[in-house]
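Here come two complexes built around subunit A, the first alongside subunit B, the second alongside subunit C.
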Partner chain A sequence: MKVRMLAAGTLAVLALAGTASCGGGPAGEPGAVTLRLGFYAGAGDPADTLMRELVKEFTAANPSIKVQLEVAPYVKFFERLRTQIAGGQAPQVWLSDGVLVQEFAARGALADLTDRVRTVDAAAYSGLELNRDGKGRVHGFPQGAQTPVLFYNKKLFAEAGVAEPTADWTYDDLAAAARKLTKDTNGDGRPDTYGFRAYSPGFTESWWPIVKAFGGDVVTDGNRKVAIDTPESRAALDWMLAAMGKDGFAPDYVTTESFGKGAVHTLFATGRVAMSYGIYARTLPAMSAKVDFGVAPLPKGPGGRGNVAIVNSWVVSKAATPEQADAAWKWITYFSGEKPQSRWAELGEAIPINKKAAATALPADRGPVFLEALDASDTLGTNAVWSEYTEALAKRVNEALSGATPVAEALATGQKEAQQVIDRFYAGQTQ
Partner chain B sequence: MRKTLSYLLVLSGAAVMLVPFLAALGNSLKSFAQYIQVPPVWVPDPVQWSNYAEVWERAPFGIYLANSLVIAVLAVIGNVVTSATVGHALARMRLPGKQALLTMALGTMMLPTVITIVPNFLLFRSLGWLDTLLPLIVPYWLATPIGIFLMRQTFLAIPRDFEEAAGLDGANPWQVFWRVHLPLAKPALATLAVFTFTTSWKAVLEPVIYLTSPENYTLPVGVLSLKGQWVGNDQLVTAAAMMSLLPMLVVFVLAQRYFVRGTMSAGLKG
Partner chain C sequence: MTVLTRKARPVAAGPPATARTRRARERAWALAFASPYLLHLVALTAWPVLASLFFSMTDYDLMSPPTFVGFGNFSRLLGDEVFWRTLGNTAYFAVLFVPTQTALALLLAMALNQRLRGMALFRAAYFVPVVSSWVVVAYVADSVFNPQTGIANQVLALVGLPAENWLQDPALVIPTLAAVAVWKGVGYMMVLFLAGLQAIPEERYEAAKIDGASAWNRFRYITLPGISGTTFLVLVLTSIETLQSFEQVYVMTDGGPHGASELTVLYLYRQGFQFFQMGYASAVAWVLFVLVLVLTLVQFRLQRRWVHYA
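Presenting the complex of A and B:
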């Protein structure tokens, strides 16, 4: 009897578990369309809350469109998305990390937005061109932009009596100031405060712009040819090695790595470094930790400032029906409007891609520096195998920066291995 | 003297094992600024109890808890019932090719989950089970390799005399299984139940892939969903993780006696 009751109870709960579904389906009303919209954010984060508000406003203005949100934190979002794409179950529109747009597009997951993008006033938005592939096609529409600039701690500068960075700074000026800002306050022979954070596992705020500033390059020819093995790139890495070694104004590779990938970006927020390259979103931890900070343009090197940018973008699934694709485009144009962009800018997460919103919504002391950097930026070498080739390359560059491999050898090997990754994918392809 | 030394050793071992737990507890009560402080501080100052309240405000943790409980309880029932049945058949019944079947079942243990996730996704999609709790429950009702192995070993260790005696008393094979073998296998069943509960409770990859609606999230997915991209919310994530530990701790304490006996006897063969 007990067994039967248990079995019956179990079946009932199983049936309930099976019906606890919220899967997508037709909206039910004639002419109505259901759109699954994916984006990444922490639950209850201001970005999560605002996105839900914007979606509510959008659907109120477009009653025939029903939006189902699929939200997850960054890493988990893309983990799930890749499986969904493989299983033909991707959302119809989602927010993609800018560096992954071409990866998804090359695997046939994304709708070509080139014709739709032609219908908008290109002069009103930043970052449109950064999404164009080698054939001139566009698969993503910018949502928000990130570009590194020089963050500096005003309090530490004042305490050390060092003049704050200016737009004229060169790498020599940066090094001179960083030396003065490096302090060993407890006399244990190791600095407690470093002048500059040179190495980071995230190369966007580390060796990539420095290599470019020294006149080197990472990839050329439509981002299909790895070209980092040059005297200029070697000079850039030598400068970084000196900063972490003989000059001692930056924490070395081991010290930086020991903080972990996430914590490295809090070095500036915790006052362990007086200067650091940081993208726009790094203002958030700095403000959370109540750091009095300013931003300045990246210093000039022989090759310029080496500005690079990532444009996170809305993409539309190739599997979307024409009605869903139209609804997705409607959402994209709504989100790119001045009002939603201004509200998004208030979060402090990204540079608005709507130029009107950017001109008014960004803080007056930081906005112009970021906008100027964005205007001068190149892509971060995006192509269909960005994740793989940059991983191969970064592995060797990091070996050089850790002192495990001579710079020349690491760059030569890194270039060869990264090129192999690219060639393997594009072999026999014309696109 | 020897006893004191043993206690000292055990206590110092326990103290070492407690360090990460205490560090996590401390971190769960810090502000963000204190959480990222270098060098780290062990004792939060001030103690931020509000982190725990904020976790509940940010996400419907009651729903996540209920989902996790439904999944874990049904997974335990399913795995215990089916693994015991299959394990018994492999240990006690004459089946052609049963060794090959066992080898194949154990072989599937060698496959990492990431290898099977896409085929499983396609399967569950075709069954219409995506964004339901079924993909996280039903596989446990098909017996798991570790469960089959554990129960088979347990049933092999029971002397044949018992079933022969039961047979003389007129018991059929089902009655032998139900009235003789299963009661003797209680420690192993408890072990399997605890293993299944913890595996199901802390699963992350599958729930993240299969569940898209927050109302279907499990507790670990809910904990992870607090992780912000730019400001880590690590203190909140840690507070949520501490809370999610509690049910697992309760289950372990309740089944501890059987669990220890079960793990000790799992490798024995009669």
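Presenting the complex of A and C:
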């Protein structure tokens, strides 16, 4: 008797668990859908709070869709997501770092959104083209964009009597201004304020756009061929090394690293550097620190400005049911609307991808600079093994920037190692 | 004289039915009591271990079904320069960490094995880093080894030596990490040694003193053999801990600069959870497991020569 009761109890628990694990299915009422929505944010962050508010408004307007949020800080979110996908338990829609969209798509985890994207007015949104893969397919719909521009501290420029940057600036102009802005006020032989921040562990705001501006490239041929080992790239890294070395207007590798993880992004906000390349999200710490700052286009080099962008995007799980995929698309189109995008823009966290929202919600002095940079941007070399090949490459480039390895040797080795990573994945695939 | 006789029992009959029932019931109870542990063992240890052995022979990106590649991942490991470099980094870290921590823990244990007032406070003080998280320890370490503001460079400046880039210099990063790891872990090993020291009978020292043995000879011939079992335990635990070291480098250096502090488990983690190569990561895990096993077996074999269980 007891055994039977135990068995019955166990079955009941298993049945309940089974039902719970089917949370992505219909939510009970006819036509109702439960949608698990994942995004990355720190608990209690303004982005977290606003996202919850927007979800609430969305479900109020769409009562047949019940949304279950899955939120975690960036690293934890993607770590968990990969195991969720492996276990068939991924959210049906999630916010992906733009550089990871192709990694998920190439492994069959994402629904192809190409047909759905055709139904929207593409001219109304930024970043759509940056999300296309080699075959023209789209697996992510833009949520917000990031592209580096030149941040400059107006007060430090005025104190040094240096004219503020213009759209005509070249790398020589940048270097000349940075030299004048570098100050050693306490006489300890080390500058207290540097003119420019050249090195950063995050290459989007450092060597990648500089290499491109100097006429070099990082990857070509549909982002499958590493092409950084060129005289142009060497010239770019030499310029950076001179900035951190003999010219001394930028903190060197060790000094920058010693500020600690993430602190490199606060160098501008804390007044340690007068100029820095920064994505839109860097406006937040600068404003919080009440820095009187402006932004200007990246300086021109022999190869142009080297604009690059990351378009963080909503993606839909391939495992979603048709009803869930429809509900996910409804969420995406809602979030991309002018009103939610304008509210998101108020966070100062990303450039809105809705062009109407971008035109009205961004600050009048800074907005156009970011939008022009975004329009001119290329992708950040995204492909199916972006994380791995860029790490292999960045390791060698940083060796060169730290002075540990000659530039030519580092670029040759980095190119070889990064190419091996790409070839290993794409072996036998034509596109 | 009493003669004890035993009634002959039918050979084929076995124990009486009541005894059999009792034993069966006891076995069932034993199993019931052990079942939480057995379930845990099967579900969270045995099954993942077997699964990882299977994955090590597959190409598995977590998102599509694994495809069998035989020993392909292991042969790739042989030619993977980064893997060998991480293994070299791990070995270097172990060579610095294991003897230093063991010797220091013993020294501290001997110093704190005194009947003096306030000794418990000192013991607790040395134990505090053991229970601190690596995130906290990383902050403390930064205040010591930061090239701009750290105490270490201020001390060097006081004695007229040039400043060092402790965690940014490829040549210094592993010794610095080893020093921090010793600081964090020495308290635990010290407690083990304290227990070992306190188990040595006091009479042995008294007898040796009466015989005129010097302090060194008492240490050499009484203390060291007396704690050889503890020393062996400390060496085995520390060696395994070192080869599995992950959290410290993940938090403090993320393997930098330029991979100079990338240890094998961090490499494994990246391959599996960042680069979608769970099959390859499983192969790395199995190679590491075999290395730990071989090292431990060697330690067990060698212990016969120097460990005394009195």
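Methods note: the second predicted complex is superposed on the first by the 403 of 431 C-alpha atoms of A that agree within 3 Å, B and C clash if a C-alpha of one lies under 4 Å from a C-alpha of the other, contacts with A are read in each partner's own complex, and residues count from 1 in each chain.
Assume a residue touches a chain if its C-beta (ideal position, glycine included) is under 8 Å from a C-beta of that chain, and two chains touch if they have at least 3 such contacts.
Note that the structure is predicted; figures quoted are calculated from it, not measured.
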Is A:86 in contact with subunit B, with subunit C, with both, or with neither (first, second, both, neither)? both
Which superposed partner A:270 touches (first subunit B, second subunit C, both, neither): first
If we overlay the two complexes on their shared chain A, which of subunit B and subunit C does A:43 touch? Say first, second, both or neither. first
Report for A:363: first if it touches subunit B alone, second if subunit C alone, otherwise both or neither. neither
Identify the partner contact of A:302: answer first if only subunit B is touched, second if only subunit C is, both if each is, neither if none is. neither
Let me test your reading of the model: by the given contact rule, A:245 touches which partner, first (subunit B), second (subunit C), both or neither? neither
Of the two partners subunit B and subunit C, indicate the one touching more residues belonging to subunit A. B
Subunit B versus subunit C as contact partner of A:74, first or second or both or neither: first
So which positions on subunit A get touched by both subunit B and subunit C? 79, 83, 86, 259
Flag every residue of subunit B that touches subunit A in the complex, lowest number first. 32-33, 36-38, 57-59, 67, 70-71, 74, 77-78, 117-118, 121-122, 125, 128-134, 137-138, 205, 208-209, 212-216, 221-222, 224-234
Can you check the complex and tell me which residues of subunit C touch subunit A? 61-64, 142, 146-148, 165, 167-170, 254, 256-259, 270, 273-276, 278
Subunit A - residues contacting subunit B, complex: 6, 10, 13-14, 16-23, 40-45, 47, 70-74, 76, 79-80, 83-84, 86-89, 259, 262-263, 266-267, 269-270, 272, 281-282, 284-285, 288-290, 349
Contact residues on subunit A for subunit C in the complex? 79, 82-83, 85-86, 103-104, 107-109, 253-255, 257-261, 385, 387-388, 391, 395-396, 398-399, 402, 404
